[in-house]
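Quick one: the structure is below, and I'll ask about it shortly.
To keep things simple, chains are lettered A, B, C and D as they appear, and every chain counts its residues starting from 1.
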Amino acid sequence: MKRSLFNLFALLAVLSLALAACGGAAPAPTAAPAATTAATEAPAAPTEAPAVAVEKTVTVGFTASQTGSQEVSSKRQVNGFNLWMNQVNEAGGLTLSDGTIVKFAAQSYDDESNKERVQELYTRLITEDKADFLISPYSSGLTAAAAVIAEQNGKLMITTGAADDDTYKQGYTGVFQLYTPGSLYLTSTVDMIKTLDPAAKIAIVNESDKFSTAVVGGLKPYAVAQGFEVVLEEAYASDTADFGPIINKIKDSGATVVLGGGHYPDGSTFARQLYERKIGIQFIGILVAPPDSKFSELGDAALGVTGPSQWEGKATHTEAEAKGLGIEWFGPSGADFAAAFEAAYGDKPTYHAAGGYTAGLLLQKAILNADSVDSEAVKAALDAMNIFTFYGGIKFDTSAEAHGLQIGHSMVVIQWQKNDAGELVREVVWPADVATKSPIFPITAP
Amino acid sequence: MTLLLQVQGVTKRFGGLQALTQVTFDLPAGEIFGLIGPNGAGKTTLFNTINGVYHPEEGRIVFQGKDVTKMKPYYLAKMGMARTHQIVRPLNELTVRENVMVGACFGHENQHLASAAKIADEVLDFVKLSSRADQLAGSLNVAQKKRLEMARALASHPRLLLLDEVLAGLNPSEIDGMIQMILDIRTQGVTIIMIEHLMKAVMNVSDRILVLDYGEQIAEGNPKEIASDPKVIEAYLGDPKLAERLMEDD
Amino acid sequence: MQQLNLLLASLPDGILLGFVYGVAAMGLTLIWGVMNVINLSHGPIISLGMFGAYIVFIKMGINPYLGLLIIAPLGLLLGVLIYVVAVHRVINAPHLSSLLATFSVNMIIIGLGTAAFTTSPYNVDFNMGSVTLGSTTLLGTRLIAALAAIIATGSLYLFLYRTRPGKYIRAVANNRAAAELMGIPSSRILALSFGLGTMLAAISGALIATFFPFSILSGGGYELKSFVIGVLGGLGNPIGALVGGLALGALEAIVPAFMETSWVPVIEFGLFILALLVRPNGLFGAKE
Amino acid sequence: MRNWQKYIGIIIPLLVVAGLMLYPTVTGKAAARETAFTILKAIALASSLNILLGYTGYVSFGHIVFFGFGGYVGFYLLSSQGASLWIAILAGGLSSGILAFLLGKAILRLRGAYFALATIGVNEAMKAFINNFDLFGGPTGITLNFKTYLAYGGASKALEMAFFIVGGLACLAIIMSYVIRTSKFGLGLLAIRENEDAAEVMGVIAPDAKTWAYVLSAIIPGMIGVLFFFKNGNVEPHDAFPLHASIELLVMVMLGGQGTVLGPILGAFAYQGMRGYLVTSDFFKDIQLSVSGALLLIIVLFIPAGAVGWLRKRSELLRRVLA
């Protein structure tokens, strides 16, 4: 009898331990590289500061995908953001009109590219880490999950690396998109085709997922409105490896232009097989994959393939461009950004990195415009925002139906071409005023 | 006397193998009916056909006046047919009592859990397994598992009990105990068909006996008739082991 | 008429691919047939075969087809290792145990593979030219892969039917207890069979890598296809696996001619369930 | 004495859930609430799976199909048809139950590994189908308009409510699990698990019992699906039918001990705790999947009965106490 009671106590003890373990198993914050230390070690406050300089540290929270499918792009985005933050803090922070000095600290966690985790961690960022502003995770899916939490808690969130339109059409008021929305991804490509061959026959072949479907949803009506004939519309499953049957269909449809794709793996496979099958396509425009440097691994198959890019180092936007448009210019030049990035990370910045950096830059500008770190004031400043940076224009839709949707930014089109040394390089071919090379067209003789 | 079970011209094939050919017999209520034959004669197949595990290609099986030829085993169990298996099938991870309760709950009488537990305890007492009631069935030895099979079948309070070699592998005192148990069961009004290799036991216990050889029914009658049937003797001479046992028994 | 054209163009290609699917499925089905274990580490092993091709070709500069001679024995060894460490103890346990044991091997390989290669795609840029016949273009890499698949199948067949260890394997598959009574060392034979199964997976991975990009996660898709093929061809039947592979390859070519390509998996898995229900031993398998 | 022993098998699990629900409320930490939500969801799903896996002995590798399908149906009604959350949750449970009933009639005829394979096929077929099914948004999925939360007192109130509902559903799953475990129906399921042929001979109508077990194990996952998508605000096909989540559920049930009421709860707890630790630990972060795999392998090889099963084997009292 005694023994059995003892057993029972032992069991209860084990259970309560388990309970305690659960409480303790909460994730430890992953250190934001150098950021916080830089903030505290930064030398004295700026000289022009008034006598009563109040220093205020603003916490910016976000999750990064250190593991899982979004790992590579997410890392670039976070590096971009951290570069911005270090620069601002090293320069002594921002000074508001009342003399307050604003510095930034980042708080971030690994979201494992997992939605459930994203929601858990954003809640933690808001309620426990008391983040003042939020940056989105990388990818539309994760951002959609994070946006719900931000909105539910009334926090401002600047999204980057999240192109899908849908998130901004759900009645949110505090979520602001930096990327050109998905539905406009390929419209500039259509404009370009119009100058090359107004009689082109277009085949739209896309991955059957949220982002690519949104792109196609915008592409098809636009192409038709521009007077093109869409001869094939075909969606394929995300893990498709064999595009043979699809390519046969394209050939059969008599298309001269192929637009579509989805993400890197399927997009690069599609491009490679289009090349191998030699079906005489004159123009190929593919999402996501071509702007990635890895795309050159395809060798000759990459030659002539185009893709839309949020930003290209080679065709970075300039102050002169802003002046021409009559829009306020803000931030460093593209060359300065690229140099700083390369110095910090030993790598040329991609558009993911530029997006991360610009997210910070946008926050900086909004705080300055609002002359306050109060959420409501910053939100009003974002609503009124209309600036030009090296990344391009930034302006938000403020209608109730699509609040926060990016409407000021346009994409460039890149094409893989060979330089004089015969190496594959990414050239900007559209819009014409920023183009570094004229497009190769047709890529194969009709 | 009413007929509890009628087996009419039952034929069962497995691919090219003729396992049962035109087996026919009637079983009045209250009898102990012996089923013998050399190894592979189709005895267990006949059991499986009677209780619905197999369905015959030809023939009919009538139980309590109802054609049950195409019926599934669980419906037959609910109508009052219970059986044991030659190779025991204990529900290893359940206790002995729970094993027996399954028979009471789902068999002929559809008892509730509480009454099933009561029946289980009675039956376990009867088969002398009471002291093991809370053990897991997997921990029993073979003889105990055989008694457990029996207990599960009895707990359903069946009309007809099919016993498949319940004596095999038991020692002489265990055999005596089991035979006594079978006779006791009959006094409770349960009709029994038993497959058995031990001739002495079958001859002593059975009212009538049916002999199968290669799926064919070669003889049917009371023990005395069977013992002197030339076809039976011939069949058994084909199996030296059984012939030996016959000698030993007489 | 248009559909017919599409079919004529796509079918040969699908069938060539089917040979490689068949080899992958053969690995799965061999292990199933011999020891009743569904190997859930099949997919990652296919991925390892892909990276094997990548390493021998890109890093060591060896022709990927010659590289098979290195990859195959490594696949065999890996399989024997997996068997000894993870499978042997649960070989007689309920199915759940062996499923979870091989699944944990799956997690281990994917975890290490992700740490080593990340999850981004790799390419073995190996071009063998192409042959154009009428409306269809046959890629050299696929032709050779199909040939390699036929050789692998033939060798397996010869091994199983003409050599002593092969006969032992069939004996163990048929009735392990009886085989043990006859003095066949069943543990060693089981380990060998598992090794052969993973070897076939690795070979198929290496062949696929010559024409499709891959990551450490790519094997998962081919594992699912192997299940489908195994069920179509009859689990435990190597020749059935090859026939099932061809059927699946053909199906993937036929379906897009009639509907949107995104319907392919719906048809594939629908057929899979149907096949399981109608003929659990396979549409082409022997009736038990 | 005997009386409380009889009920302790349900009291301990309910205490665990109550503790989980109180913890964030007492500490007032919203992030702890998120962690607790994940664990409660895992408890509800694992306990439901246990009805099929632990009691009936059928290994389902695709149980998440009920979470996804029920969730999709309910979420569709909620977002596109203006149904209330309650109606949507009920509809989610109901539609999963119906799906299980129809599926069960077909695939529960298969035994062992064939059944496991079929469940994988069902999950993949369903995912591919939903991806092509325009009513449910096809590949784009469904996103909930933020205004919907207003009906529940605004977003943060809605989230809080979702937390209490998931706790309620976890309790419901545990009570269901316990009632089945101690009922006549449950005895029949256990008999099927141990030896289906013997059970049939003893009069257990196995095809019906299995189908109902399948249906009962599908209802709560369907309801959880609706709730989870409601909380997330959106759903896409690949979020709704992740095959690996099915296998994680199996691992949880196995870890804690299949066929017991408490096992899946401890398993869900331990698994989520372990994952939470590994993915955030600097040392294990990069190879966390491998470490999880190695731990799982050790458990499968050496403690196949799971923690509760292992404890039950140690003592008579524990066997009576730990249902």
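To be clear about the criterion, a contact is a pair of C-beta atoms (placed from the backbone, for glycine too) under 8 Å apart; a residue touches a chain by one contact, two chains touch by 3 or more.
Everything numeric here is computed off the predicted structure, so don't read it as measured data.
Colleague: Decide which interface, A-C or C-D, involves more C-beta pairs in contact, and give its chain pair.
Modeller: C-D
Colleague: With chain centres taken as the means of their Cα atoms, state the distance from chain B to chain C in Å.
Modeller: Each chain's C-alpha centroid was found; their separation is 48 Å.
Colleague: Report the inter-chain centroid distance for chain A and chain B in whole angstrom, where each centroid is the mean of the CA atoms.
Modeller: 75
Colleague: Provide the C-alpha centroid distance between chain C and chain D, rounded to the nearest whole angstrom.
Modeller: Measuring from centre to centre gives 32 Å for this pair.
Colleague: Taking the mean of the C-alpha atoms as each chain's centre, how many Å separate chain A from chain C?
Modeller: 38
Colleague: Which residues belonging to chain C are in contact with no fewer than two other chains?
Modeller: In chain C, 114, 260, 262, 265 touch at least two other chains.
Colleague: Send over the residues of chain B in touch with two or more other chains.
Modeller: Touching at least two other chains: none.
Colleague: Quick one: which residues in chain D touch 2 or more of the other chains?
Modeller: Chain D, residues with two or more chain partners: 128, 131-132, 139, 286, 288.
Colleague: Among all the chains shown, which pairs meet the touch rule set out at the top?
Modeller: A-C, A-D, B-D, C-D
Colleague: Going by the contact rule set out above, which residues of chain D touch chain C in the complex?
Modeller: Going by the criterion above, the answer is residues 53, 57, 59, 61, 106-107, 109-110, 112-114, 116-118, 120-122, 124-125, 127-129, 131-132, 139, 247, 250-251, 254, 258, 286-294, 296-297, 300-301, 304.
Colleague: Could you list, by residue number, the parts of chain A that touch chain C in their complex?
Modeller: Touching chain C: residues 67-69, 71-72, 208, 234-237, 239-242, 244-246, 248-249, 251-252, 264-265, 268-269, 272, 276-278, 294, 297-299 of chain A.
Colleague: For chain D, which residues are in contact with chain B within the complex?
Modeller: On the chain D side, the touching residues are 183-184, 187-188, 190-191, 193-195, 197-206, 259, 316.
Colleague: How about chain A: which of its residues touch chain D in the complex?
Modeller: 4, 7-8, 11, 15, 18-19, 21-23, 25-28, 30, 66-67, 109-110, 112, 115-116, 119-121, 123-124, 126-128, 141, 144-145, 147-148, 151-153, 166-167, 169-172, 207-210, 212-214, 235, 237-238
Colleague: Mind pulling up the chain B residues that touch chain D in the complex?
Modeller: Where chain B meets chain D, its residues are 51, 53, 72-75, 77-78, 82-83, 85, 89-94, 98, 101-103, 105-108, 112-113, 116, 134, 152, 156.
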